[in-house]
């Protein structure tokens, strides 16, 4: 029997957390559909999906996702889950922000101390969230770029590697952080601010616009992810014994 | 500052640990014959092998032709060919992606995110390299043979074959350079292959993935495995070409 | 299905648009002499130029030595050297990262995320390539000269210099191959350089960044600019070596 | 001499060589005001002469006179920078080269076995069973024992002989021979001379460059004497060796240095 | 002959060549049961002989006899597969090679100008103002006009002459000459012979390979005759040319083929 498979365009941070390794076998066992994940930058994932290269888009950049649907590239967006961002930094904590729950204030201190801050600088969901925080903190990072503010223009894991290498601060999603192996001197310094929530959405690529989209199998995946079963599977996913994604599909109206 | 010194010492042990850990891991991976790893290694070899075959089938004759024929604009062609050795993999990946994308002219072939797409991308990447280096290698021999071939009125296809045949030991190194570039390449295959587990994941994309997960030791271990594969391939080629050279015709 | 067909036609235009847009953008970038872009181009050339210099200074003599000296285990050394052409940039990046990181043995140099680190990584990457290809190029000449040098009792450093000198046209292609590999490389420089805006951002890391942002047209435009730079460098080298060849000594 | 021919390393097998040339009608070589410059030097200057369509012409002249360059121009491997070369009405082209065989002063052998070197040209001319024929040609030339050796390891004289066998294998109408016996032992010299004679007697035009004056004496119908890139004389052999017209040729035959003023060669 | 020497292209400048050799005491070349195999063939077999430490020895023999291989073994460029070669008490090493100059049958010139080819060996021997000296050596040899030409474009004879100049430039104690006049015009042959004589008269040991029997007659003190890799005789020149002992040498001198049974060469 020929194996059915779909392609999901997603982001490196989602894939690197290990979530898909947990979810996909469950889904395949149930439906017989194999899910192939292409993990790239958020922008690239959306662009790929907009070219019809993929059946499902699973990212965390709400505004861009809504635009994607509005332009007719996707059928409908569903909230899936959220996790939260944390600020990590060197144990030595040169900016003295450890333990703070106010992310914007903490970042302002980092800027004031001129301590190295490593930004993804790649227009990803995480990067956009970070820029919002800087705005709230009233810091013009564009001007500091190249000085204490370092735009790495790379993925989350790579950016964390760089933060570890230069003992700098960085904003990361908790899932990637939990799965990240090269922590070195880094530790979480700020967490728990409500401004640090990170919402994930899932969209079936529009089969009317892209006739080659495997609509049935794709829809099955979307439906499963936002179903009770899928949501429970997400809640069950743990990194080092810790839950990192919090399902919220029902609330968002799936 | 005794504490600072102690910290430094600790770090030293730290990366050295990563390093030795990588060796141990590489050994374990190899001894364990982990089926996932074997699949990845197999795909790497299959993709790069196919791409190299294509690149040699095109690059050798093209390089040899440019190497021995005199024609207008030859220098210009050589400069372009040499410049194409600097084709960035990511650019090749993008170009191939645009062609093979569902929104692209060849989308109907449904090759994107398949090993075939990776073969295409690697072949595009290394064909200019194989051609440019073949040109250089063949040119030395071509200069030696040129007058003899002209006075004998050797038609160019025959001349081409003769140059490729008699220059094969040099061309083996060229092919190995192409192989090295392709097997080590990640930028192109990750764009057109998508690094999909069990489908298009190869050694280099695995290394990139583990690096971005921060598992440097595992990334390095995979790198050592890749180098070992490259070594095995090179040794095989060397053994084969030594056999010809011992026949005295090298 | 008229609609489907119409849609397909529309899509075709879609990636083609990206493509033409890339050309237009590349033109604008070049004409506009955008200072950020110029900085990036300058850094690319400086890093790759320095790395190539190091690679040639080491790789040429090493390759030439292996090319003309007979010693035990020579074939083995050649196989290893050829295999090192398949050194993946990411692995090189990791190794250099581990050395230069604060936790590494050379961390005190504070080179990580500086252009120097990128030079080191590229040099490590291409030195084996330059050496392996030089070996091949020099070997032809070395075989020709071997008996003459032996009967004249030419000490090896002199022989080395003579081979490098008289084989320079072939070595130019080798250097260009090394240049191409280095200027196109992204995996190593992004790990040790960090692609930090205004500090260590080069052409290839910019291309990778724009790609991951999904701005394929801009990524491609940068790729074209990079190719144009490679073309310019190659043309310069060709002009220089043509000058020597016209003197008749090629 | 006939008795030698049958035992020397090149028995008269030329008559049985594959006859590929479609037209045996020979055409005379004519040069008009031929000149060649390279590296900023005039290497040949104002060479105007006509060689008869058959018979053996010897090209004599000191080192650097331009003899090899002349042969290359005649074969069309070099293009004149002035004047013209014609075989009958034709400039040298692939078509004329197909009827000619050129043995270079430093023969270039393919990096293959001796046998494959000969088989290569036979295949090129569409001869069936090329390898078998090549082997019998080598056997006939007394090189059979060397057939499977890489051509590159042959001795100097063996290489030269292989090049001659290869040149004759195609059954040419014109033979351009650039010092073909320079490295040969006396017996091989005699054999090659016998071959040349035999070819010539079958109507093959031979242009031979040699420094072996005795050989020139033995073989030449007419002699062209070159020095400093200039034809000093073109004389029937009998006259030339009796008393050459030009001072340069006299000096050459006497083994004296040609006065520097009159030449541009060394 | 003396009057020629002063006008020929190689005036007797050997005496003024840089004298690098530290010890003029020549040592005799002695081979014991020397054998060489390659490609599965025996190329030299059981060569045992002693050459006197001075004077000119001519090595004669048909093509493929093993003459060039013998010279290479003597110089130490090849290692014997059997037996030994000794210069006095020493095996061939860099030290012995430093006192020897070898002109190959096919001289290899560096891909540089003629001048740079000579300057290269002078620099190698630590001669000051190498380029200036090289130029005067070329001038003295009548090759001054070619000094700045790439060596690769020189004519065959010019290349051979350049190689000889280069070999003499280092002032060797032993000269190994492999058919050095094969492509030379008669005047250059005379000049080279004069040079060889002059070197020899100063105590330089010369081992000369040639197919020019007349030249051998003019120059040889003793003759070693090789065929099929075997020394057929080693005779004083006077005796050899009067009546060689071996059938092979007689055949060679008569220009006859050496009977196949007795040789392993072609």
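Order as written gives the chain letters A, B, C, D and E; numbering starts at 1 within each chain.
What we mean here is this: contacts are C-beta pairs under 8 Å (C-beta built on N, C-alpha and C of every residue); 3 or more make two chains touch, one makes a residue touch a chain.
None of the values given here were measured: they were computed from a predicted structure.
Note on connectivity: the fewest chain-to-chain touch steps from chain B to chain D number 1.
Chains making contact with chain B as well as with chain E: C, D.
Most remote chain with respect to chain D, judged by CA-atom centres, is A. Taking A-B and C-E together, the pair of chains sharing more C-beta contacts is A-B.
Separating the CA-averaged centres of chain B and chain C is a span of 14 Å. Note on chain placement: the centre of chain D and the centre of chain E lie 27 Å apart, centres being C-alpha means. Per-chain CA centroids place chain A at a distance of 81 Å from chain E. Centre to centre, using the average C-alpha position, chain A and chain C are separated by 34 Å. Listed for chain D are residues 39, 149-150, 153, each touching two or more other chains.
Across the assembly, chain B contributes residues 14, 101-104, 107, 211, 216, 248 that each touch 2 or more other chains.
Residue numbers of chain A whose C-beta contacts span two or more other chains: 40, 48, 51-52, 155, 158, 161, 164, 184. Chains touching one another form the pairs A-B, A-C, B-C, B-D, C-E, D-E. Residues of chain E touching chain D in their complex: 4, 7-9, 38-39, 41, 61-65, 67-68, 105-106, 142-146, 149-150, 153-158, 161, 178-179, 182-191, 211, 213, 251-258, 264-266. By the touch criterion given at the top, residues 72, 75-77, 94, 97-98, 100-102, 104, 108, 110-113, 120-121, 124, 149-150, 152-153, 170 of chain D touch chain B in their complex.
On chain A, the positions that touch chain C within their shared complex are 40-48, 51-52, 118, 121-124, 145-146, 150-155, 158, 161-162, 164-167, 184-185, 209, 211.
Taken in their complex, chain B has these residues touching chain D: 141, 144-145, 147-148, 150-154, 158, 162, 166, 247-250.
Considering their complex, residues 7, 12, 16, 36-40, 48, 51-53, 155-158, 160-161, 164, 179-184, 210, 212 of chain A touch chain B.
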